[in-house]
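After this come two complexes, each holding chain A, first together with chain B and then together with chain C.
The block that comes next holds the complex of A and B.
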């Protein structure tokens, strides 16, 4: 609860900073604030008091357990990394910096709500906070038509998905008579489910499939990722995606554990399509951001397998997967944004000859790409391994075989970038990232290696 | 009495909703949407949700429709420059929309009462009851929604200012 209040406070502070004119200091102060928030979140591990406001118990609205605290800490960490990049990225847009910072902080608030909600009303509010903030950030480059298109497309389609979510919640309410997670779970476990309940669940699933960009609800994702400013894409592809998966897992594992077998076929088909189409279309792409968008779609497919394995408690596997995916994602953007900037080009060909021009940067991108592709000893490999082993534990052999074939296909397009860096001839333009980009990129690369070699501490957390 | 009111209101709702989609002139479309919102507010009244009915009229028929009207007038939408969708797309749209409608209808069928009767008059939808809920049980969502609006407001300013 206090984490949430502190996070809102930081967001409000951004707005006050505009008035008292400390724009230059704002982002460093926010970084310190996020650091405090991170440590504070970790100290609440296992000791969180029942949430209340002015004496009114909020137990039916929000509950903090180890799952939500672990995911919250991860989200705060990712946000801090993105804010470090933002200091240099928004250097030229000083008069907008307070708006950007406050919207990103409010997105984090929405994410914290989504990791700990105990009520459908809170779920809807959390999803709306995250989505509306992201619609704005996607279109925040006002004089760039592609950014406008991204914001508008995301907004129209996202509003449609929110409509599905509301309809689904209303139908589940109609069947169970409650918005509270545990009462819905009570009904779902009772058997003899009414068609109203199942239809409601399917509508909620559709909304979540849209938000995590699963096939066939993925059409927005490449366009939005490509059109948004690169830093927003970094935020969207990491924090927003893991947030939606955290919320999705929480919903299905806490509210609908008794009904998950009813929608198993849907999950199977969607996960298969998401992995296969995401990987196959990524091969044909030339834009780097679109490749990352399709790679994000295929990763959503792998994470859906963790959702399918909910009955054998795959929360640790999902958590490990989100960590490795999000850190590698932020790292890739930290290394790629300078390349985009100096080459003035967001295609794969911008990376041509980077191995000769800036070997250290090329090396970092290679490590992060290999982790994304799932090559040992990096974190991405173990992430896939844990998810697949959970799936096998639950006897999901078919989907595991499909996923393994897909991760082999996936290696191809990650290597396209790596090959461009090392085999193509360099041009004369130098790529010199600033210190902060270096810091974030190196930190992410190191983390990916450390987490990949020593996974036990993280995996032990959730159990 | 209840049944007759319900049927008349429902007929109006359906007719106006259909005319929103089929009206050739964008202005007629918007105006029938306003009429449609009013009839839906009537349904809320019959279900003892007075507060919801008033808010529905104020927010939708008042604020949002004014915005719609402004957009329609500013953009000067005519039937001439409307993009015609291909027949294939229309066909696909009708099929998928009809399927969703069928599923929703079939699933709600189980929950529908066979005869219509007005719910008994209670104070459950009154401003007082909603206020009590909002400031006790639903305090947290109430406050969190302020973050949602704040974020949207900052965003509107961000997109509007230079």
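The block that comes next holds the complex of A and C.
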């Protein structure tokens, strides 16, 4: 509970910072605040204090368990990395820095809510806090029509999905008479589920498919990723995606464990389509951000397999997958934003000859790309391995085979970028990232390697 | 709920489903950004109606409280949506979403 309050406090502090005119110091202060938040979250590990504010119990609204603490710590860490990038990224736009910083902090608040909700009302509020903040950030370049378009498309699809989510929640409420997770679970485990309940569950699933950009509800994500400012894309493709998966997992594992077999076919079809289409379309793309968007879609497919394996408790596998995916994602953006900036181009051709111009940067991008593609010894390989082994444990052989074929296809388009860096001729424009970009990129590359070599500590935490 | 309810609950469910369907079709078919925004509101309000009816028929107040959450969040959502439409209108002098075609492939 205190983590949540502290996080809101940091967001409000950003707004006050505008008044007392400390814009230059704002991001360093926030980084310290996020560090405190991170340590603070970890100290609550395993305690499960009953949530309360000024003596009022919040037990039917929000609960903190090890799942939510682990995911919260990850989200705070990712946000801190993004804020480190923001210091240099927003150097030229210092007038708006307090707004951007506060909106990103509020997004983190929504994420923390989504990892620990115990009531459908909190689920809805959390999703809206995250989404509304991201609509604003996607459209934050007011005079750029591409950013406008991205913001509006995101808004339209997000609001549309929220409508489905609410309809689903209303129907589940009609069937069970409650919004509280444990009472819904009681009903779902009781058997003899009413059609109203199943319809509601399917509508909630559709809303979540929209939010995690699963095929056939993915069409907004490449456009939004491409049009948004690069830093916002980095935030969206990592933090928001893992947040939605955390919330999705929590919902299905806590509220609907008894009903998951009813929607198994839907999950199977959507996961298959998501992996296959995401990978196949990514091959044809020329824009780097769109490649990452489609790669994000196919990763969503792999994470959906972890969701399908909920009955054998795949939370550790999902957590490991989100860590490896999010850290590699932030690292790729930390290395790619300077390339975009110096080349003034967001296509794959901007990376031509980077291996000769800036070998260290090209090497880091290569490591992170290989991790995304799932090549050992990097974290991405083990992440896929854990998810697939959970799927096999639950006898999901068909989807595992499809997923393995897909991860082989996926290697192709990651190598397209790597080949562009090492085989094409450089064009003479130097790419010189600042220290902070270097720091984040190197830290992410090291983390991907360390997590890939020593996975047991992380996996042990969740089980 | 002391008075007997003359209308069967199925009517409320049908009406909300119909309104929700009109909203969904509007979002998918209409091309004007403002009208799409109104259709999204229609979807949310059909949910409000459904929640209130479930709440009234089961004698459980949670649903009515939830409606307030939806109304507050919908207001915030519309504020952001209208702001985005404003910035589009300033740049393109139109609210037709067919004009939004800069991002493709």
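The rule is simple: the second predicted complex is superposed on the first by the 462 of 463 C-alpha atoms of A that agree within 3 Å, B and C clash if a C-alpha of one lies under 4 Å from a C-alpha of the other, contacts with A are read in each partner's own complex, and residues count from 1 in each chain.
Keep this in mind: a contact is a pair of C-beta atoms (placed from the backbone, for glycine too) under 8 Å apart; a residue touches a chain by one contact, two chains touch by 3 or more.
These figures come from a predicted structure and were not determined experimentally.
**Student:** Report for A:324: first if it touches chain B alone, second if chain C alone, otherwise both or neither.
**Tutor:** Touch status of A:324: no partner.
**Student:** Identify the partner contact of A:228: answer first if only chain B is touched, second if only chain C is, both if each is, neither if none is.
**Tutor:** A:228: touches no partner chain.
**Student:** When the two structures are overlaid on chain A, which partner does A:109 contact: first (chain B), second (chain C), both, or neither?
**Tutor:** A:109 contacts chain B only, not chain C.
**Student:** By the touch definition at the top of the document, which applies to A:174: first (chain B), second (chain C), both, or neither?
**Tutor:** both
**Student:** Touching A:53, do we find chain B (first), chain C (second), both, or neither?
**Tutor:** The first partner, chain B, only.
**Student:** Kindly classify A:352 by the partners it touches after superposition: chain B alone (first), chain C alone (second), both, or neither?
**Tutor:** A:352 sits against neither chain B nor chain C.
**Student:** Applying the touch criterion given at the start, work out whether A:314 contacts chain B, chain C, both or neither, answering first, second, both or neither.
**Tutor:** neither
**Student:** Thinking of the overlay built on chain A, is A:128 touched by chain B (first), by chain C (second), by both, or by neither?
**Tutor:** In the superposition, A:128 contacts both chain B and chain C.
**Student:** Check the residue A:142 against both partner chains and state whether it touches chain B (first), chain C (second), both, or neither.
**Tutor:** So A:142 meets both chain B and chain C here.
**Student:** In the superposed arrangement, what residues of chain A touch both chain B and chain C?
**Tutor:** The overlap between the chain B and chain C interfaces on chain A comprises residues 121, 125, 128, 132, 135-136, 139, 142, 171, 174.
**Student:** Once bound in the complex, which stretches of chain A touch chain C?
**Tutor:** Going through chain A, the ones touching chain C are 120-121, 124-125, 128, 132, 135-136, 139, 142-143, 145-146, 148-153, 155-156, 159-160, 162-163, 166-167, 169-171, 173-174, 177-179, 222-223, 226-227, 284-285, 290.
**Student:** Once bound in the complex, which stretches of chain A touch chain B?
**Tutor:** Chain A reaches chain B through residues 8, 11, 15, 51, 53-54, 56, 58, 60-62, 96, 99-100, 102-103, 106-107, 109-110, 113, 119, 121-122, 125-126, 128-129, 132-133, 135-136, 139-140, 142, 171, 174-175, 194-196, 198-199.
**Student:** Mind listing the chain B positions that touch chain A in their complex?
**Tutor:** Within the complex, chain B touches chain A at residues 103-104, 106-111, 136-141, 143-145, 147-148, 150-152, 154-155, 157-159.
**Student:** Would you mind writing out the residues of chain C in touch with chain A in their complex?
**Tutor:** Result: residues 13, 16, 20, 23-24, 27, 33, 36, 40, 43-44, 46-47, 50-51, 54, 58, 60, 62-63, 65-66, 69-70, 73, 76-77, 80-81, 83-85, 87-88, 90-92, 97, 100, 102-105 of chain C touch chain A.
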